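In the two assemblies presented below, chain A is common to both, partnered first by chain B and then by chain C.
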Partner chain A sequence: MALEVFIRGGAKVDGRGVKRLHGAFRPWEDPIPEASDHRLEGIRGKDLFDEPPARFGRMDLLSKLTLGCAFHALSDAGDPASPPPVEGIILGSWAGCLMTDLNYYLPVCDKGISEAGPSLFSYTLPNVALGEVCKELGLTGPNTVVSMGRASAVAALVTAFHWIRSGRAECLLAGGAEAVDGKVRKYLRLPMDSDVESGAFFLVLEGGGSTDPGIRIASAAAGFQSRKQARLRQGGAGSGIDELWRSLESGFQGRLEVNAVTDEGFTAGLTLISELSDG
Partner chain B sequence: MDEIRKIEEELKKLMIEALGFEDLVPEDIDPEKPLFGDTGLGLDSVDALELVMIMDKHYGVLIEDPEEGKRVLSCVRTMAEFVVENRKS
Partner chain C sequence: MQTASKASGNHGSGGLSLVAVLGVGAVTPHGVGVGALWQGISSGKTAVRESRQSRFADLAHVPVGSVPESVLSLPPFAGLSLERGRACFLAGLSLREALESARLSIRDLREQNACLFLATAKGPIDVFQRYCVNSGVPVVEEQPSTASELAAVVAEALDIRGTVQVVSAACASGTLAVGSASEEVRSGRSGLAVVLGVEILSEFVLSGFLALKGLSLSPARPFDSDRQGLNPAEASAAVILEPTQDLYRVRISGWGLSNDAHHITGPDPTGKGLCRAVREALIQAETTPDRVGAVLAHGTATVQNDDMEMSALERTFGRQIPMLCGIKGSIGHTFGAAGVIETVAATLMLDHGIVPRTVGHFRCARPGFNLLGGPLPRPSVLLCNSGFGGVNAAAFLESHGA
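Now for the complex of A and B:
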């Protein structure tokens, strides 16, 4: 059983490009077509991969972002010749496959079954994105989707922490992905200036010994509080991901508390400790 | 024959769009090559449903028998021939 849970690498995909935790920022080389009201909706396989998966173009946006970001996180975590032994993946997502559901069902409800798209239908469950990742990256261990509003991504990291600590897995991808457009914003009643946007963020977590160097997660918990308690204790709603990413990128030293809290009262928090290597 | 060629070109464009082939152009698809399996485009069962929908939606042609479907969907040429033989004028 692993004593400690370490962050081995990570990546982030957003409207500007791809950033690996230990690598340079890679902006989109070709402008992504403005397919609708979000520029990431037109993302192509060659935007994310040197050798795109054969059927990348058929996937829904949640799967594209999850797969692309998971690939870069895995690549960031080790030498391509000996990648970390990632077994499974935990995806945190607020909107999940809602965009796909709406893209599939709205035309069917409006014009009838002749508008049904079989390929699109196969993506109307959020864990299909994880199936694409497992297939492309060769993961054969456990996977699941966690949905706790804006706290979903941190909640996924909390879940991964406990899976590794309990011995269910030794190495996991965990993080969040959102596919959001105008329809989804309307359905979730998000203000149009909301900072919830399409993108993805994944870390590679691996169990290790208590004397190993590196950034480790010392404790993690998720739960539910009343709205009033949550706001009083956490100082307002937020995903916690931007703060976590900035701290990891800057190579923080010492102790870091990351808290995510939603307006509904979901909470998820991590305590990270970073210690310099003796070497 | 010209009608079959015309429909083949239409089908290729519809397939590329509906099946999400990002870097494929109609000229890349040989109308006589298998659509399914390792030697062809590598389509799968979900793609087969898309092709059935394309033929229904754009040509009003229904494939109702699974065995017939296997034959019709074997390549672009057989699809085009089935459209010519079965669509209402």
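Now for the complex of A and C:
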């Protein structure tokens, strides 16, 4: 019998604050110090945690956002006394650790190899952010970063859906995180008015029986189409995440289709069914 | 490699099937072709040489595994030319060989709704480096500048319509990509899977491992008591997977994925994390540790990694540790691509029935480990990789009669 995949909780971190799916919006309490491009660059441990992890200040921005958002998503999915049995995490990210790559390598090019810092170099792989999450939250199961351009976050949910359905895991965190500043925008040739911003979004997905109440993912698929087709269809990339979040927050009823199509040709889509009112 | 069966075309059937390796291709420091790779790793030779030039004096003369210069003058495959970047070009060469050995055309990939999984740590890092050196002069439009773009360019060249995904799990990316792709095929979502691993040498990575004091100043010595570190290397490898019911030469029968939850760069010395991934692979393969013919290990030749792996193997196998083999003393460490290259190497081990002697290894500090090579006692190979972020991946390959 095919297992159903339910959304148990979630959280979103952006420039304005933290929002849990089942909780009130929590704006940044103290104004986060303005950094050059984006205020999230100055995010501190106490902005996200009551008791911040000891190493938080030394992490790169991708790790900070991923860890903070994963923590809030997990907290949203169950009371602290009986947290959901999350085993692993799948992160979708387009820019990945590009900000850290640039922060590491531009000074090396400019001033020489003495600028090569071992601590910063350690963060020049996007899955190191997952190493931080797994260490802090004690996750020992499946963990990876998937990248499919701007469809990466939906692609992570698609992957988690398949892995839960196939029995690889029972409960996973899945979503997206981006760490973006002016340097990253320039490298990616993003237009000045691009809506790609730093932030993170995670859902807790868990397998369950077909009669369980709640919002479930009924199907998930990813694919690829030629560039020409992708551009004709979309005229610009959409991550699909804003639409998904708004619908989850507003407690949609019935059926919801979420689709991400990118300029490169990546496609990822989910069909969600909400049967809250039916119990 | 001979073709075991034709693409069976059961895409969309929804039924679970076996997953067979239909074709393999590689371009490595030993040259172009899986024949050159096998010749290199089975004859005890190392292709690791001192790097010739670098903008940084500290990086000149560091031992690395680079593909021979002559490779660069070969005709590109499917428009994946050197002008589009070194990663793109090397990827094309391995894909051409894999498709030829699978007797598949690009049209077959489209008709079978093929998927593409790209395993890489740094993707088109040459394009990134050029951008940084030139103080932010925009990247040339035709050159993929991120791993996502590289995957899209390859997918476009191969006319892929199934899932196209970059798998980024540090040095475990390759094995995980093979596992993920096998899942696509097993479930019936794709009728064929292309797994591509590509990594190219870069001052970016060399400078980082120099800073981390992880480089060996001589050819690497996996699992040796005097090992001093790794040799960065470049390569590309491609593996084509197909669904099959019972006809196969080599099949992927299980895979596993875990996290140490211990440290972001240092492995858990107890080996518990890798052991979990290995057990998951063996359980999925419906087999037991005593049925493992040989282990093709990660064996980076760093003190910490090899210690952790030996602990994990002791934990998994007890006193009956199968023959152990590592190929990074022969070609160097290709990071995100390593698991795909090692899937090719494991396929060749099963084809030839031989476990190569581990190049660079002379003396093991721990008892119970045999790295001398010899006939493969049982037709199965366990593959494992671990990487930064605490990630571990394992895969179990079997040939017929296992």
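Please note the rule applied: the second predicted complex is superposed on the first by the 265 of 279 C-alpha atoms of A that agree within 3 Å, B and C clash if a C-alpha of one lies under 4 Å from a C-alpha of the other, contacts with A are read in each partner's own complex, and residues count from 1 in each chain.
Here, a contact is a pair of C-beta atoms (placed from the backbone, for glycine too) under 8 Å apart; a residue touches a chain by one contact, two chains touch by 3 or more.
Every value quoted in this text rests on a predicted model; they were computed, and no experiment measured them.
Q: For A:117, is the partner it touches chain B (first), chain C (second), both, or none of the two (neither)?
A: both
Q: Applying the document's definition of touch, where does A:141 land relative to chain B and chain C: first, second, both, or neither?
A: second
Q: Using the superposition on chain A described above, determine whether A:162 touches chain B (first), chain C (second), both, or neither.
A: second
Q: Quick check on the superposed pair: does A:46 touch chain B, chain C, both, or neither? Answer first, second, both or neither.
A: first
Q: Report for A:102: first if it touches chain B alone, second if chain C alone, otherwise both or neither.
A: second
Q: In the overlaid three-chain picture, which partner chain does A:131 touch, first (chain B) or second (chain C), both, or neither?
A: The second partner, chain C, only.
Q: After superposing on the shared chain, does chain C or chain B touch more chain A residues?
A: Of chain B and chain C, the partner in contact with more residues of chain A is C.
Q: With both complexes overlaid on chain A, does A:213 touch chain B (first), chain C (second), both or neither?
A: Neither partner.
Q: Under the stated touch criterion, which partner chain does A:94 make contact with: chain B (first), chain C (second), both, or neither?
A: The answer is second: A:94 touches chain C but not chain B.
Q: In the superposed arrangement, what residues of chain A touch both chain B and chain C?
A: 116-118, 122
Q: Using the touch rule from the top, collect the residues of chain A that touch chain C in their complex.
A: Those residues of chain A that touch chain C are 88, 94-96, 98, 101-102, 104-106, 108-109, 112-113, 116-118, 121-132, 134-135, 138-149, 152, 155, 159, 162-163, 166, 168, 183, 186-189, 221-227, 264-266.
Q: Residues of chain B touching chain A in their complex?
A: Residue list for chain B touching chain A: 18-23, 42, 46-47, 49-50, 53, 56-57.
Q: Across the complex, what residues on chain A touch chain B?
A: Residue positions touching the partner: 44-46, 52, 54-59, 114, 116-119, 122.
Q: Touching chain A in the complex: which residues of chain C?
A: 56, 58-59, 116, 121-122, 128-129, 131-133, 135-136, 138-139, 145-149, 151-152, 155-156, 160-170, 176, 180, 183, 187, 189, 203-204, 207-213, 257-265, 273, 276, 387-391
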